[in-house]
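Two complexes, one shared chain (subunit A), two partners (subunit B, subunit C).
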Partner chain A sequence: MLPTSLDEAVEALAASPAAVPVAGGTDLMEAVNAGRLRPAALIGLGRITELRGWRYEDGGTAVLGAGLTLARMDRPDFAALIPALADAARTAGPPQTRNVGTLGGNIATAAPAGDTLPVLAALEASVTLARPGVTREVPVSHLLTGLDPMRPGELLTWVRVPLLNAPQVFLKATGRSGPSRATASVALVLDPARRAVRCAVGAVAPVPLRPLEAEAWVAGCIDWDARGEEGVPAIDPAAAAAFGEYVASACVPDGYGGDAASGLPAEGPTAEALRLRRTVAVLARRALGRALK
Partner chain B sequence: MTSPTDTTLAPPDAAAESSSPEDAQSPSGPAQPFGLGSSPLRTDALPKALGIYPFAADLWAEGLLWGAVLRSPHPHARIVAIDTAAALAIPGVHAVVTAADLPAGPQSADGSAEEARGPVGDRPVLAAGVVRHHGEPVAAVAADHPDTARLAAASIVVEYEVLDALTDPEQAFHAPPLHPDGNLFRHLPLRSGDPEVVGEVIVEGLYQVGRQDPAPIGAEAGLAVPRPDGGVELHLSSTDPHGDRERTAACLGLEPDRVRLVVTGVPGATADREDLSFQVTLALLALRTGRPVKMTLTREESFQSHATRHPALLRYRHHADAQGKLLKVEAQILLDGGAYADVSAEALAAATAFSVGPYVCPNVFVDAWAVRTNNPPAGRMRGEGALQTCFAYESQLDQLAARIGVEPLEIRRRNVLATGDAMPTGQAVTCPAPVAALLDAVATSPLPALPMDEPDTDWLLPGGPGGAGDPSAVRRGIGYAVGMVHMLGAEGEDEVSTATVRVSGDHATVICAAVDSGQGFATLARQIVQSVLGVAEVYVAPVDSDQSIAGPSARGRHTWVSGGAVERAALMVRHQLLQPIAANFGMSVELLSIADGKITSYDGVLGMPVTEALEGKELWATAQCRPHPTEPLDEAGQGDAFVSIAFCAMRAVVDVDIELGAVRVVDVTVAQDVGRALNPGQIEDRIEAGVAQGVGLALLEDLRTSGGLLVNPSLTGYRLPTALDTPDVRIAALLEERDVVATFGAKAVSAVPAVVAPAAIAAAVRAATGLPVGRLPIQPEDAVVA
Partner chain C sequence: MTNHPVHPVDERPCASYTLRVNGFERPVTDAWIGESLLYVLRERLGLAGAKNGCEQGECGACSVQVDGQLVAGCLVPAALAADSEISTVEGLSAGGAASDVQQALADSGAVQCGYCTPGMAMAVHDLLQRNHRPSEVEARQALCGNLCRCTGYRSALAAVQTVADARSAALLEAEEAAAEGVGEAAEPAAADASAQGRQAPVQAPAPAEPEVPDLPVYQDAWTETAAAGEVPVFGNDDSGWIVAQPFEAPQAFDTPQPFEAPQPFDTPQPFEAPQAFDQPQAYEAAQGFEAAQHFEGTRMPGPAHPAQPAGGYEPSPTAVGTGVGVGVIPPQGYPGYEATAYGPGTVYASGATYEPTPAHGTSAPGAPFEGTPAHGTPYEPTPAHGTPYGTPAQGTPYPGYPDQQYAGTPYEGAGYEGTPYDRASYDGVGYDGTVYEPAPAAPYDATPAHGLRLPEDDHA
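Coming up: the complex of A and B.
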């Protein structure tokens, strides 16, 4: 099925709830080709042009179409709007993947290493889920954690992102220079209006994690008035380093990578947990440093 | 020929077209480079770049069936029963075969009293009784649609009794035998000199090399067509057509001449291509159904089925005097050969003989083992054996340099091997060994610019564009390495190749069963004939096993062996051509020369164009080339086991983010001993390819297993280097010191860059971080400075 409008797609999905909507297909089609998935039917979303752009809404919110491609998000106009999302899109894969992969697909697939997910979590974005005649708004984090999952027949249509007009950073650690899956990623956004820092760590857990206490603590360490001034550090480097450690220990449990099945109480953090913590700490520290530069 | 395939198969015809001279010359016109020493474009370069080159996966035959293979989900299990009824009941399924359908004989590896296995080795085509590695083929299906075939393969019910998997090669010595042949493929001791010597300085190290996969971009594919005479014709991207024919025939119980192997376009081969199981299964399905059968493996199957590089564990102790001159090297080398023997014994010989590297050391004591485990089988792959030890001995020299406080370059200069020196095997290096000159060439080559001298935007940080790199945490390191690899078969293997050259009218044809696996042999053969006969248009015929034997495309042998055969055949044709002219001119043939398309007498007075001399003639000649014989290594690892050796020196420059452990190779500068540059353009390509593969092994590529099960058999999980990961490769020098016994004095060029690059990159990371770096691939945590 190849609906050409959003309404048509929503109707089509309602008519055959077993059908699977497909946008870029970079994850879905791989699963189909490998025989892991045999969808009863596919609903191609590629022709719904209205979902491929974005618009502004009152109250400083951008409403992004679920069909927005990763490549489009990397363009300068979008990058000026939501820089962290652009950064995440740029590193999400090779050009072939970014040209077809979509924001909505990234959310729907909800892969642990999905690059846009920590950014959406840090931005406290929400998504619109549509059924014929009914739409509802769900925070991205609720959707990802399963607190409020997608229901059968629902189509992910829009992503609402608050515009903060402040520095935001997405950093990702990979083992290589070429495009690769993240071993850990950190999204960090400043919200100067509320004097808040929001941070999310991706790829270390099935869903992006928010170190809320570390966020609150570091917000108090930042000299918000000095921010952006030449020569005045907005934060003590030691505090930035401590923030990194704080984020890392909040997001990487002691038993990470250990043998959970053995049931033995872990004696201190595993070697893998220590390695990952170091990586997350470095990423969080650098992200904060860049945001405050 | 009554075979219907001649008209219905596209690729052999298309391949012929693509390598025809018209195609090759149309883009560049009359200015096409000519003869040896020039760099003509490969004839298949343009079709490959345009995506119109036909590979084995593009084959088609009327009425073909599709094959699929059922593979073992366990690394080690006993097969209790196989029930194929459900698969056979699926409409569209034409045949299901298991080990029981193969003629009893060499491939039934389960029996206790085994006869000599001949060409087949210890590997069953389809598992008989026992599976010994994850992904081992158990049964195969032919059906009228690929999906039906896969579905049918999946519905074969195999009852396994899962056995403990032996995955640690160190346990192989004591574990119960996995195979009637035992767990030890080979133990090779090397004893040379005085074991009592103790150096003033002693450095020790333990080194690990991971499992690199050749990961050919074109996965295995092929087509089998039954012949009216009861034989079978296989269309495969084989790199050893005659060997594959012999083995396939032996497994099927056919006479070798009933099996014909047609080589289709080879989509990249840095190792052996299609394994035995693949082609025999394909042939068996075709014979069973009486219809053409095509099979293409998925990427996952491809990772499961072809041989990988030998993972290695190497323990070294170097003794030196206070000046750093090597006195004694002790080493223990353990290669994990995986489930089947393949070429493990050969890889082990290279590992042992080159355990000290291109250095002189009077006392060498090595014990090397290749063992069987339930891990994926390891086999041939550029510089097998030599690569693993290169990483170890170069790491040891870096350690030694640090210990006695000299530059890494200096410690190498004090110990380098030169022509005439003896290797630990007792063999004198009679070929040119310009190791010191190679080191000088890379050492004096200018270094790449420092990032601070470049605009910020041009600086690609470790971690890649848009990555997490931070300039304040980046350290630059420079590392050097030299290495060596042997050419041609070793230890008494009979090396021979045959070629036929035909000249008719104004063009020549080369018929030689040497497969151009990407190494450029077809281009070289063209250049040789151009040089010898002065004929511009040279057509290199597609390869099949009805041609005379040329041997496998491996170990850099074709330039020497097949190149030599082509040259001799061309010279014989030249003699036939010149003899009547010489008689006419009243002088001997030796006084005539061919240059620029003209035959000229020694004094330049008499002459005629080659085309005129050839008019109306058709001249043929066939010749063989067989290099000097070698001998096996004895029980003390002594013997003249190698025909010739190639050397290479590299300098790697890396940037390391010392907080995240991300490494980016900025630049690799290469100086290589090439004997004679027959095609400089192609040599540079081969060096770049070798460096790229070396970067992969050094930083990225590792086919991991967990309890014998493959963890990352996909191109997402198995990370091949991309353009962003590969460095600038600069050639500091192609040293042309001719090897007098080699054809044209040239040495093989492909393997040695792949052997040296990982060691050079490891040395550079060591220099940047000050950490020991004892394993390949280098993991981020190995490069984090705490």
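Coming up: the complex of A and C.
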């Protein structure tokens, strides 16, 4: 069924709790085609126009509809608003899936390689979950880590993102040059008002990771007053490189890729850990460099 | 994380609905709600144009438009597309004639097995609807969700440019005609038709035979601008170009004859009907393209050929769609093409027969006769898209072989035994000791998406 308003959809989901909401269907149909899912009923969210755009809220917040497509987020007006999210959306799959795949679907799927997730984590966004007559606001980090998961019959409706009006970068490493899922990704946003750097690493763990100590450390290394001035480096290149290493070792454990079951005492980091750390370090260093350029 | 039900009530819930496909209402009865649009189109409605390559959204063979958006048909629940406008590849061709996009794909040699072609045609059609003058980067990005395992993408990219050129030429002409006040109703119709992706009516300049105004559409970094009639072979002046003499350069011109039989075109769908291919014009253009590909693949540094005199032949005026990839395709039908005895299985003086080199330059550079995958000789697959790894990719000069190794190259010699490549590989004579340093292990971050390297990547 194809409800045309949010209320209708929420009611429909409450009326038939076994039904599956379908936004773009790109993750859902993949599971159906592969035989991993047999839906009892489908509730199409594509006709709910109110969820396909965004609005502004007092206090410098953008409220993004869950039905915002990845392709829409790549357009210049949105990219001017939340550049890192636009960058993430641009790299999330081929045009055929970005045309219909949505922000809400990306969050609800919560795949380790979900590209919007590290950005939302770095931005400290929150989501609104709706049931008939009730809504609740959950930080994205709580939702993703399972501290406060989505409950049956709930619909993800809005995503609240603070507007920082400062450079932000999303970088992603993939296994091939065409569109593909991330092997590692880094989202980095500057918060000049608080003189803070916020960074999240995606795809290396089931949920995006925040290297909080590295963030705090590098914020102290940045010459915030020189930022944006012509010809003055806002950060020592060596500090930027060290930040990369710091982030990488914080997010990739020594035993990464090792066989935990075999229980062999790990002698230093595994080869996989070293390789992934290198990738993450380069991404983080570059992201910082670009944000401060 | 997702709130899927664990135990569905009904094991196989079904629905009946009506799809609007290419402007026609098509009822679907009692279909399982999990059926994809691709499945319903192919199995229930008999529209087999869209292909099932993966059912996972990866390959793009199932591309269709839903409400004007290009989507993967395999990922659309058909039941939810009920009040949408669906266009498929069958709708591209009005009255059974291939659309300009389809014709250009065929002419530029973008079709080998043809499995990717319906999806590719939809993607090109969709791109040109949104963007009448796509740049190469835009075209690559638009086609990046369409995998082709036979041909590669260069000829498809060339087809994009051919159609864009032809349409804007048609549009311009129509505007001019309208400005002159000659025609009343015909010209706008022509302009409209060409914008719609159809062949313009006859009164408009036929896009089937445009004059292919500027040539190389997509060039590799190593090429320089070439004029019509030049064949991309490696020259002795390092420019990457010499003017070819009709088939004095033998070995590469052995086309695997992809168009021999119209076997991939199995269904009576408009595009797949072989009518696009039984025109000798399409066939020859494709053949020419293959030939060019081979040259590219087997190009060697150093003075491989004596430079050929320019002006050996005239570019054929009907060279539709030959502005392909590597620049320009040798005009079809030039003297001696058919007669040249360099087909597969040709027996050379040494007694060795020649096997076709696989297309796309997959053979090791500098080894035109050996080391090709066809012989089972181990070879290093070149990383895609010129990734700067250790393997010398296509077009990388080979510093390991001193130039004189190539004097008197295979083109003149009769046999294979004495090719410099043999010596170089087997007894080390030829190596000047240069060792290929693999790029430092940066397996993933080195290449940003789509193979585009941004300048700031090197110093962030």
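Rule of thumb we're sticking to: the second predicted complex is superposed on the first by the 293 of 293 C-alpha atoms of A that agree within 3 Å, B and C clash if a C-alpha of one lies under 4 Å from a C-alpha of the other, contacts with A are read in each partner's own complex, and residues count from 1 in each chain.
What we mean here is this: a residue touches a chain if its C-beta (ideal position, glycine included) is under 8 Å from a C-beta of that chain, and two chains touch if they have at least 3 such contacts.
Values in this document were obtained by computation on a predicted structure and should not be read as measured data.
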Answer with first, second, both or neither: which of subunit B and subunit C does A:Ser249 touch in the superposed model? neither
What is the contact status of A:Thr91 with respect to subunit B (first) and subunit C (second): first, second, both, or neither? both
Would you check which partner chain A:Val22 touches, where first means subunit B only, second means subunit C only, and both and neither mean what they say? second
Residues of subunit A touched: more by subunit B or subunit C? C
Taking the superposition on A as described, I'd like to know which of subunit B and subunit C A:Val32 touches: first, second, both or neither. second
For A:Arg181, using the defined touch cut-off, is the partner it touches subunit B, subunit C, both, or neither? Pick first, second, both or neither. first
Taking the superposition as given, does A:Arg151 touch the first partner, subunit B, the second, subunit C, both, or neither? second
Does any part of subunit A touch subunit B in one structure and subunit C in the other, and if so which residues? 34, 91, 94, 171-179, 183, 275, 278-279, 282-283, 286, 289
Per the touch rule above, subunit A residues touching subunit C in the complex are 2, 17-22, 24-26, 28-30, 32-34, 37-42, 44, 46, 91, 93-97, 99-100, 108-110, 143-144, 146, 149-154, 171-179, 183-184, 240, 275, 278-279, 282-283, 285-290, 293
Touching residues of subunit C toward subunit A in the complex: what are they? 1-5, 7-13, 33-34, 36, 55-58, 60, 63, 66, 69-72, 74-77, 79-80, 82-83, 123, 141-142, 144-146, 384-385, 387, 441-445, 447-451, 456-457, 459-460
The subunit B residues in contact with subunit A across the complex are 150, 298, 300, 460, 462-468, 470, 473, 659-660, 662, 664, 699-700, 716, 719, 721-725, 779-781, 784
Using the touch rule from the top, collect the residues of subunit A that touch subunit B in their complex. 34-35, 87, 90-91, 94, 171-181, 183, 275, 278-279, 282-283, 286, 289
